[in-house]
Every structure is written in C-alpha cells, then in structure tokens.
Amino acid sequence: MSNIVKNNPVVKAILSSSRILVLLVLVIFFTAVTKGTFFSYKNLVNILYSVSLIGIMICGACFAVLLGGIDRTVSGNAALSGAIVAMTILRGGVGGGNVALAICLGLGAGILSGLIHGLILSRFNIPAFLLTLATNEILYGFVQLVTSNTLIYVNGCTLMDYIGQKRWLGIPIPVYIMLVCILFAYIILNHTVYGRQVYSVGGNRQSSELSGVPTRRVILIAYIISGFMGALAGFVLSSMNQQASAGQAKNYENNVLAAIVVGGVSMRGGSGSIQNAILGAFLIGVIENGMNLMGVPAIYKDMAKGIIIIVAVAMDMATQPGTPLYNFMKRFKKKAA
Amino acid sequence: MKQMRQETLRRIISLVLVVVLFVVFALSTDTFLTWDNMTSMLRECGVVGILAIGITACIITGGNNLSAGLMMGMVCMVFAHLYHYTSMSLIMIILICLIAALIAGAFNGFTVAVLQIPDFVATLSTGMVFQGITYILAIRNQYGSITSELIQNPTMSMLGGRLPNGIYYVTIAWVVVSLIAQLFLKKTKMGTYIYAMGSNRKSAEYSGISYIKVKMVAFLISALCSFIGALFFLGRYGTNDVDSGSALSLQAISASVIGGAAFSGGRGDMIGTLIGVLFMQVLRNGVLKFNMTTAQQSIISGIIIVLMLVFDAYYNEFMQKRTTRAAALAREKENAGK
Amino acid sequence: MSEKNEVLFEMKNIEKIFAHVHALDHVNFDVRKGEVHALLGENGAGKSTLIKILTGVYTKDGGEIFMNGKEIEINSRDDAADAGIAVIFQELSLVPTLSVYQNILLGKEKSKFGFISDKAERNEIQALIDHYGFPVKANDIVETLSVAQKQMVEILKALATDAKLIIMDEPTASLSSRESELLYKIINQLRDKGVSIIYISHRLEEVFNLSDRITILRDGKNAGVIEKEDIVPSEVVKMMIGKEISESTASRELHTSDAEVELAVKNLTHLGYYYDVNFEVKKGEVLVLTGLVGSGRTEVIRSIYGADPFDKGEIIFEGKSIKPTIKKSVANGFGLIPEDRRTQGFSPLLSITGNVAITSYDKIAKGGFVNKADEDKLGHKAVQLTDLRPANPNVKVGDLSGGNQQKAVLGKWLTRDLKVILIDEPTVGIDIGAKDEIYNIIESLSAQGVAVLMVSSDIAEVLRVAHRILVMREGRIIKEFNHGVATQEDILLASSGFVNEKEAA
Amino acid sequence: MKKLAAILVSLLLVVSLAACGSANAANANNAPAEEKTEEKTETTPVAAGEGLGFKDRTKNPYEDPMKFAWIPTRASEANATAWGNGIREELSYWSNTELNVFDPEGDAEQQAKIVSDLVAQGYDGIFLQTINPQTLAASVEEAENAGIPVVCINMGADTPHAALVSMTDFEAGQVIADRIAEELGGEGNVVVIQAKVGAVRGINLEDGFQAQLKNYPGIKILDEQPADWNMEKAQTVMNDFLTAYPDQIDAVFAHNDQMAEGAGMAVQAAGKTGEIYIWGANGETKALEYIEQGIITGTVYTNCKDQGKTAARIMMLYLNSNIDTSTFTKTPVTKMPPITVDASNVSSITPDMRW
C-alpha cells in the first residue's frame, strides 16, 4: 500500500504541501461537526466573499514579500483610496461626481504611495517593515485630512452599489475582482519577464545585478503594484460599505501578513507563490467560517488563528534541513522505520 | 579620527534630536516646559519604556518580539481575574502573574528557538494566543458580557502614584529597570552572549554558546518587562480591558530602533532605547501642544521617523564607502612608495 | 633559534577519500615545538584537507594523530581546542559589534554569579597585547579595526587559550606589505615563545624567509620535507608542480594569429586596485591573468564588465571605446562568471532553467511575456552544452554540487551568442573530475571564436587552457608569457615575486 | 562618547529624584509585604455631607478666548461626527471659542493620556466620549480638580464629573427586545451581531437586551458573534448565521447601525428581505434610509447633533457659573430620549435632524 501512495504524484504533491493537508483536515472536521452545512456551495461563496478584500491586498503585498520586504501600508492605501473616491463622488466638485475620475484619483494615490515607497526602499537598505510602519501612520493622517474625520456616506453611485451589493450568477462582485487580481498576479509572476526577475532578485540580489537584471526597477515596480492593489481593495471596501471613514481597513495588514506566511511564502524572499498565499488566506477564512458555523465563542477565535499559524509554519520549518525539528523528525522516522 | 561605532553615533543623533525637539517645543509653546507637563510626559515614557527594554534584548539577538504588549495585557487580565474571582492576597496574585509571564516568555522562546519559526511571524502568532487567553480570563457581568473592574487596592494605586514633588513612580521604575538591564547587557556573561549571538551567530555557536539558551533568556527578559509593565499599568489606570497594551508593541519597537538597535542584530543597548523612548514621547507630547489635529500629528511624527531612517541608511552607506576608499588609498600610497 | 627537536604534533599516513577520490593518500606530517612549519602545494594538493582533519572539521579515514607522543582523537573543533590547536581561517570569525577583549574571551569568561569583572579581563588582554606589541587596544570595537588588526585579534584569541599550535591559512592575502611585515615580526615572537605555527601561503618569498621547515604536498601525497638551510626556490617549486599536466585536446597555438582584436584595454587604472593595465584579446583567444590573491585581477575584469568603476584609461570593444555598464555589457555579448559562485553566481532557489534564462529574456520573451517552451529549450540546451549530470534542468541550483553549480552559471552565458566571456577562478572548490569538463567548455568557447579573458591562480589550469598568460602583481602586469614557452615554475616564481634568471621571451 | 550620553540622560532624571528627597518608591519587583486588608468599598470619594462647592471663575465664557477639546472613542464613527458637529455648531455662535478634535482611535489608554495632557495645556472645557469608564476615571478626576469641567457624551467616567449627556444604551437594548418580541408574537429565534469584544457601549446594549428578554421566555438567542462595529464583517457574520441556521432566524439585533446595515445587505443577498426583522442602534442617516428602503426594520434614533448641542450648552452654563464641579459627589445626567424608529415613523425624522 505505501508504495502506491508514495509514487502516486497527486498524493505526493498533497503530502508535500503541508498547507493543503491542514486545509483538508479542517474541511473534513468542520463538515462533520456542522453536519454538512459547511460543505455547501453557498458557504463556499460566503468564505470567498469574506476573503476577497484580503485576497486583493495579497496580490499586491505578495510582490514585496517575495523581494524580502514587508509592506504594511496595504491598509493605509486602502483607506486613502476609499476616502478619495468617496469624497470626489460625494462632493461632485471635480467633474460633477464623475465616477471614473474618482476611481482614477483613488488608484492614482495608491500608485503614488507605492512609487514613493519603491524609490526609498530600492535606494536605501531600510527594513521595509519599519519604514511602512511609520508611513502607514502618515497615510492614515492623510485619510483624516481628506475625510476631515467625518464618515462620508455615498449612496448615489451606481457603480459602487453594483460592486458592493449586487451579485452575478449568485457570486458577489468583489469575489470576481479578487479572482481577476489573482489571475493578474499569477500571470505576472509566472509568465512574464518581470515575474522571473522578482524571484531572481528575491533569491539573490547580487547575482541578479551581475546578470544584468535592473534590480532597483524591479523593487520599485513591486511596491507600485502593492500600492495599486491596496488602493483597489480600498475602493471595493468603500463600495461594499457605501461609505468611507478614517478608520477603514485598520489592521488588515496583520491578516494579509498572516495569510502570506501561512501560505508558505518565506519572509527572506525568493520563494513562495501567489497561489499558496491565496491558499493561506482561504485557509484562515475557512477557520473563521468554520468556527462561526460551530458557534465557537469569539474569544477562542484569535487563539485558534494563532495556533494554526504556528502549526502551519512549524510544519514548513520541519521540512528544512538543519532545524532541530527536522532532526527530531529524522530521528523519529529512523526509529519508526 | 577613530571610527565611531555605528550605534554610538546613532545615539548621539537621537540625543541631539531630543534636545532640538525639546528646545523647539519649549520656545514655541508656553505649556510645554511646565513641571506638570514634564512629569506627565516622563510618566507616559514609563510603561512603553519598560516594554521597550525587553524588546531591545530580543532585537539585539537578531530577532524581535511583537507579542510584548499583548503579553502585558494578558498579565493584567490574570491579575484582574484573580483579584475579582478569588480572595488571594496581593502577594500571591503578583506571584502568579510573574509565573504566568515567565511561562508566556518560555512559550515565545520555544516557538522561536526550538520550532525555528522566524521571530517576526512567531511573536505575531503567540501574540494572538495571549490575546485569546486575555479574552478567556476576562471578567464577566451577570449577563455574561465582558466587563472591566476597578481595582481598589492602596498598594496598586500607589504604584500609579507619584512622589510629593511630581515624578511618577513608573518613571523611576523605568529608569531603574533600564540601568539594571544595561548592567546585565554590559557586565554579565549572558549579556555578552546576547550581543555575540545577534552579531555573528556562527562564531558565537563555535565558541560554545547555545542559540536556544540565549533566545530563551532574551524572551524571558521581555516577559519580565511585560510583567513589570503590567503592574504599573494597573497602578495607573486601576483597571484594564481586553485590548490593553495591544498598541504598545509597535511603539516600543520603533523607540528601540530609533535608540540605536538594528534589526540585523548585535547593536543597540538600554541607554539608547531610553533615549529612543524619550524621543518618541517628546515628539508625541510636543506635537499635541500645537493644537494640531490628530491627522497632522500622525503625519508629522511619521515623517520625522522616516527622515531619521533614511538619514541612518544613507550614513551607513557613506561610512562603508569611506572605509573601502581609505583602504584603497592606503594601498595606493604604499604602492607609490615602492 | 635553538634546535627544538621535541615533536609536538605528528600525523602518520593520514587517509581521506572524497567521492572515491583520494584527497589524502598516506600523508605524514609533523610539527616541532616552537617551529614555523610551512605547508606548500598547488590548489587541490590536499593542504586544506589536512588542516581540516587536524582541526576536527573533517574526520580522517585512516592514519593516527599524536600529540607529544601520545595518540589523540580529533573529531570536533572542541577536541582540537582542547589539544591546544587554534586556526585562523581566511574569512575571520570575529563578532564585529563586540570589543577586542570580549571577542578573545568569548565563551570562556570568568565570572562571579554571572557578573564579569570587566576591568580585570580588559587589563589581562591589554597585558597580552602589550606583551606582543600588537597595534590594537583591548577596548577597541572589532568592526572599527582594519583587516590586519582583526587578524591579530584572531591570533590573540588563539594565544589566550594558550594554544600550543596556531595554523594560519593565507594570512597575508589581503594585507599590505607593511602589515605583512608586522605579522612576520609577531610570528617570530610567537616562535621564540615556543608556540608552533603551521603557515600556509602561496607567497613563496614569504614562506622561504619565515619557515624553519617546509612540507610539500602534491596530489594528496607527501612530496618532500625541506629544512630551512637547504631551501632552493626552484627545487621547491619543481617538487610542488611535478603533477603531470592533463594534455589539453585543443592545439595550443592560436591557429589564426591574425584573428581580429575583440577587446582591448589601454592603460586602465583604478587607484588602489590596479595601474596602467594594457592588453588585447583576439577572437577565439584565451588570455589568462594570473598572480596571487589581491593583485587586482578580479577588479580589472569587473571594471571591463561595468560592475566596478575605473579612474583612467580606455576599454575598446570591436574597435569602439565604450563606457561599460552591466546592462550594456550583457547586450554587447559579454558574460561574467563571478569569483564567488554562491553569493554572486546564481539564485539558489531557482531551477537551472530559471537561472539560465534570466540573462536571455530579451530573446525568449515577446512583449514581456515569457515563452515557456523556449525557456525550457534554453534550460535543456544549457544542461546539454555544459554536460551537466543529472541532466534535469528543473533541479534547484542551490541543491547541486559545486561543479554542477558552476556549470549552471556557465550555462547562463553559453546559451547567449557570446562575443567576450570574463571568467574569474572557474574551478575553485570543484573536484578534479568536473574541472576537466569546465576546461573543455572553455576550449569549445574559444573554438567558436569567443574571446576568453580568464583570471586564475591554479597554475596547472593556466597552462592547460591559456593561449597567452599575463602575470599580475600588486596591480601591475609584470610579465607576459606565450604558451608553450612558460613552465609552471616560471609562472609561480613570477607571481610570487622571484624574477627567474632565464628571462622568458 | 557613549559614556557621556549615558551619564547625561540618567543625570537629568536622577537629579530630579534627588531633589525630592528619599524616594520611598515601592519598586515593582519587590512587592510590598502589607496584606490586603480592607473590603472592596463602593466609590464615594468625597464625604457625603460636604455638598456643592463654589469658586469664582475669572473668565467669561462668552467673551474671553476659550479652548475646548472633543475626544470621541473613534473620530471616524458616524455618531462621534454628529456629536462633534453639534458641539461645534453650538459653540460657533460665540467667536471667542475654539474646538479641537483628538482621536484616540479606540485605545482607552491613549484617550486617558490625551485627557491628562490637555489638563497640562490649560484647556477650559473637555467634551469626552469615554472608551472605558474605569480607565478614564483617573484622568477625568485630574481635569476636574484642575478646574476644567468634563462633560461626557453617551459614556461617562467612574468618577463624579461636570455632566453626562447620555444616550440610553441599556434602555435602547430593552426597547429593541420589546419590539422584537412584539413583532414575533413572543415566539422566535434571534441572532445578535455584537460590537468589538470588550467595547463598553456594546456591553450596555447587550445587558439591556438580555435583561428584557427574561420577560419573553419564547424568544431564544440562537447565536452571538462580534463584527467589530464594521459593516463588511457584519455581512460575513450574517452570511454565516444564515448558513448555520437556514430559515430559523426570525430577528437580528446589531449593536450599531453599521452592522445592522451589513446584516441587511446579507439578508437582501439571500433574498429574505422582509422575512427577518433587523434592528440596529444610533439612528445614523444611512440606517434611516435603509429603513425607508425596507432593508432593515428599525433602529433606536437619538438626535446626536442635538445631544452635542445640549452638552455644549451645559458646558457654557457651568463655565459661566461659579459652581465648582470638582466637588460634585454624583455626576448629573441628562438622558436623550431614545426614539424607536421603524418604517412607520421614519419620516418624522426630518432631514435637519439627520446626522
């Protein structure tokens, strides 16, 4: 029996990726406990919907993490773009509430913020975690200026209503937007020259430099994409809520980071894929949804998320030679064999 | 000129900045340089400063500790829980809180050193676990909702109190713990090992220093600081709620890096962190004085921190270029001589 | 220098086998008390393997080690340390942010309940420093010290553990001559105090003055032990080189001597690194820059490639003077095989195909989109061109052996239509078998008309591959050899500063 | 060099220590030995008999330059904005007044720090919506003792202060419980979408709701999950409720309008609008429109702008009187009448009353 399992490629792929394993276990467990309601098409759509915002942000932040940086400004960009879009539409000043212009301004702000981060981070070697920690505060400062600390309620805009409320073929629009972003990130990372350069620079910046890869430009574009995706997520969030507020999307960067890490993208850069990062987000979404359906009191949810992340990352570490866990596993297998 | 150590110079820069900010704020508003304002500003340094001490120890080993604030919140909740639901004596409660903090510190150490999960990710998740424990231990009212409870205890409220002329006990504790930690870092064997492990792990391990032991000690120091911080937190506010301390970790990390600690490890010490905390509070307190809206405050303090980071990175680059150039010129001079 | 015949360490018929290749074959080696014993031999002759066995980094497959006559086992660095053996490697293992005395006493601090008596330790180390007259203070922070000073701290670290034997591996490689003089003085002082020293260096001049005895290794076997009195430079060199040169297949004479000049360099100068460098490389010619480490060769080719700047002089490519940048060089058909594979050569987490294709996306991508089929073809072509075994281009380069990694790095450029290839120490740390394959690749490149500019300090390799040889020393080209005329001795003597009486043409 | 920096800083602090004589600070780690003796007593800091104290105030609030501060729990929330606008509108009649907004972003300690800092800056009056009554007690007392009246809006502090103009969260919870029970005819299942775990306003609403539900044994709370005050999380939570309890949910109680609107969206998407009663609290404009559109059933409306104006008037009253509010033994409270709004009377809330 064991050799059938061992050399069957599908099984091997599943066994090797610890995350899919954890996911499978969770899905089976939740389905059993909720007597099937978990494993329904409607619930799957709900999970995708609950994960859509984080998913869009991941499609941006993933580029920065693959290059070894951690971009905490996804939330700041989201809040700023949402506020700008709402203000432009509501005030109707510029171009009479013209939606297209509002969106351009909002996404433009995200791109500008990404450009500034990219310039600083590609020129100086500052830990991205620390720089974006400070700049996120600055972005939220600007959001307060734009919204002058009030809640902007936008109810007249058909496009935002469509994105925020309507469904197409039973699936909410933000899910489609997320899927488009994932496709975009997947194509860029796996099928374009830029994607190859991201993995090369993330793995070894000096060897890429000597191979003629424009490393500074690669880093700059990564943060522009990250800024753009943050802004897009902000626009979708404002559409969902039909409002923009100064405290919007707060602390989303922790969820984005947790998902990317659970997805097996290494913090040192160079390894990990967008599919796995999204899988990480989906995994966390499944946990939250499963616990909701089981009626698990809210107070246990945070703890469960923390433990799941530790388990998922520890399983990864066990596959890397040299770590005590790896040696322990090796000794364990030897004893078992 | 003997080439100055990197963080010595960084500390001088932050010290100069503190003095500059101090003078600017003192001159431009008359409400800044009052004794009351000074003591209240030094009081604000207290709890975040004590946490920063523990976090600096973790950063020097080349790691980080994002769970310090949430651990403090957990220790507060352990105290509130025992105080509310049991009639233990104050000493017993404080003892149990200390043990809880040390266990949490050991858990951090285990996740980082044994499971080898990168510090950043590990402490992010252990922070969530501590948050969960805080929720579970929270005090409930008759309807079962989470509530917070006023701790009526003369000893505890004294901790939040101040000396007759105004300096708060928490400020004194902050300075005392800083000095103790500085002595520990500079004068003890384990202190040297913490620096060695952060600066060059391979060479430290070759000299027989165990990575797991050093990491465990660093996280236990951080746990102890969270414990002390928790006592003074309860002393000051007389109560706690479920997200007490959740924002403190990031503030403490920024303070210790501004004070000279470097994420790459092996750099920084407690005096630098003390200055970093002072810098943050002078900035925060001063900016408040200008009737700026909170928007302007966060923008200005954010920009000041970014400028400092950029200057620091530029300075390091400049020094590196200078030393390689100097070496080349030395060879040149000698070569020309031949 | 009193005759100290009492043997401190003795290694008898030491065996070491790597992948069924005899790295060490019945090697005998002994060190007397208070003696400077030099260990000489070509690259790959087994010097570093022998030292690694003595210091517990490797374990021996056969033979015994004696200390003061008694047999001892050295299986770990701690055993070596207990036996009083200290070693100073090229890449120093100090803690940059700690002070000198903290580094020296790291792990061995004396303390009362954990508290270190700072003053006592500092004075103790300062006394040791003054005793040897080192130009460094116990309180200095290591990162503020020069390379020479750091090396002295390493020596102090050995002395502090009252090491009986200090092994120095290429200590003067990156030192200026003034700093080297200081090191020689210190070595003599140590010798007078009864400390034995094993000294490994390619600088023969230095070795001949310093050492009391010389042991020569060749292809993992003893090639002779010579006392100081009867050292004859040319004899020593002959014993070192005796290795038969694996005859290269290609004819060594450049058949079309009137081949067009591909690359020319006119009095190139970069202050502090190299001065007035002039040479030309014809199409299909293999020009090798040889010389000791630190003689400026790597800096020259990095400047030609555009990775480093230069102060004066001109680089002429296909007749036109160019201001090289890496991007332009790659476009012009240049290629660089960097000095340090691991940090500069490849991206470890990418597959062979990934690494190879990174330089040729201008060819296999349209409108920014990569054509996967072409990319895979490129990967297979690279594997096939470099005869990389196992021939699977999807393996991560980080997981390959040293030789295969170098082939992958070569593959990065072979798959492009190259005009000039710059190669820096191609076969460092590669087993003998793979070396030949790399030489074949270089020869096939030359046959296709690619101008090859190579840097190498492995004399046998130089003779095997080069059409023309330039010897550099301290940033200047001091000698030119046409192949066929030069022998290993000439090159070795020239690069280590002995001008051979028979002036080569 | 490093020595100099270290000495300079510690000198700065040590000197001030020495100046104040022997520091008998009970250093934290050697905890005091004294046993906890007395019982936990009720908080009545000032001896009951003393009563109202008086103090002549030098400034005339209607002419002299006055500095006021408004510190909500989170500046970006709709009701906080409405209160702020109410205060600003009222104070703007007198040109000598100045109002600055400070946003603690939902962090109780941060709010306490801001209050004690404003005291040091010599503000004349503080408007406050406390995040946690106990956490803010110390700094509010500090302000009152400094002669700065503290008028709280909707959530006070556990110490006597100038005034509390409160919405009636507890009563609102009760009213909603009654309306739901009435609509369901005493029988049915309710799901509750709670505020952020530990948020005091959410707790008061919840307590009122649970207290009132005791009189309707037929109404059962199926499930409770927090959605942290925000709309998109509420949509997700409601979707999960609808999946977990298909066709069993009769009513939804959300701790604020935002979450009720989110629930309304989810119910609308599930095509069950009208079948499930959805109740929120606060009465922001968007909720009123959702009631008009029938997406949610109703809410407890408070005229927050009016509430802000009331608070401003009370502040000006105290500042113009010579009542020393620091001698209060109990915080006087004025309650804003909670108006239960549903489709029937939503039009009675005229546009100018909407915030």
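The letters A, B, C and D name the chains in turn, as written, and every chain counts its residues from 1.
Note that in this section contacts are C-beta pairs under 8 Å (C-beta built on N, C-alpha and C of every residue); 3 or more make two chains touch, one makes a residue touch a chain.
Computed from a predicted model, the values in this text were never measured in an experiment.
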Joint neighbours (chain A and chain D) are B
Top of the farthest list for chain C, CA-centroid basis, is D
A student comparing A-C to A-B should find more C-beta pairs in contact for A-B
So, in whole Å, the Cα centroid of chain B is separated from that of chain C by 45
Between the Cα centroids of chain A and chain B the separation in whole angstrom comes to 29
Cα centre of chain C to Cα centre of chain D, whole Å, reads 72
Where chain B touches two or more other chains at once, the residues are 4-5, 135, 138, 293-294
Multi-chain touching residues of chain D, meaning two or more other chains, are 75, 101, 103, 197
Within chain A, the set of residues that touch 2 or more other chains is 144, 149, 298-299
All chain pairs satisfying the touch rule are A-B, A-C, A-D, B-C, B-D
Seen from chain C, its contact residues with chain B in the complex are 77-78, 93-98, 102, 106-109, 111, 114-116, 118, 140-141, 143-144, 146-147, 176-178, 271-273, 275, 474-475
Per the touch rule, the chain B residues reaching chain D in their complex are 4-5, 8, 11-12, 15, 31, 34, 36-37, 40, 42, 44, 89-91, 94, 135, 138, 141, 143-150, 152-153, 155, 158-160, 163-167, 169, 171-173, 175-176, 179, 182, 228, 231-233, 236-247, 271, 274-275, 278, 285, 288-289, 291, 293-294
Listed in rising order, the residues of chain A that touch chain D in the complex are 34, 37-38, 40, 42-43, 46, 49-50, 53, 144, 147, 149-151, 153, 155, 164-165, 167, 172, 237, 240-243, 245-248, 250, 288-289, 292-293, 295, 298-299
In the complex, chain B touches chain C at residues 2-6, 186-190, 192, 195-196, 198-200, 202-204, 206-209, 266-267, 325, 327-332, 334-335, 338
Per the touch rule, the chain D residues reaching chain A in their complex are 74-78, 81, 84, 101, 103, 105-106, 194, 197, 223, 225-226, 230-232, 235-237, 239-241, 243-244, 246, 258, 261-262, 265, 268-269, 284-286, 289
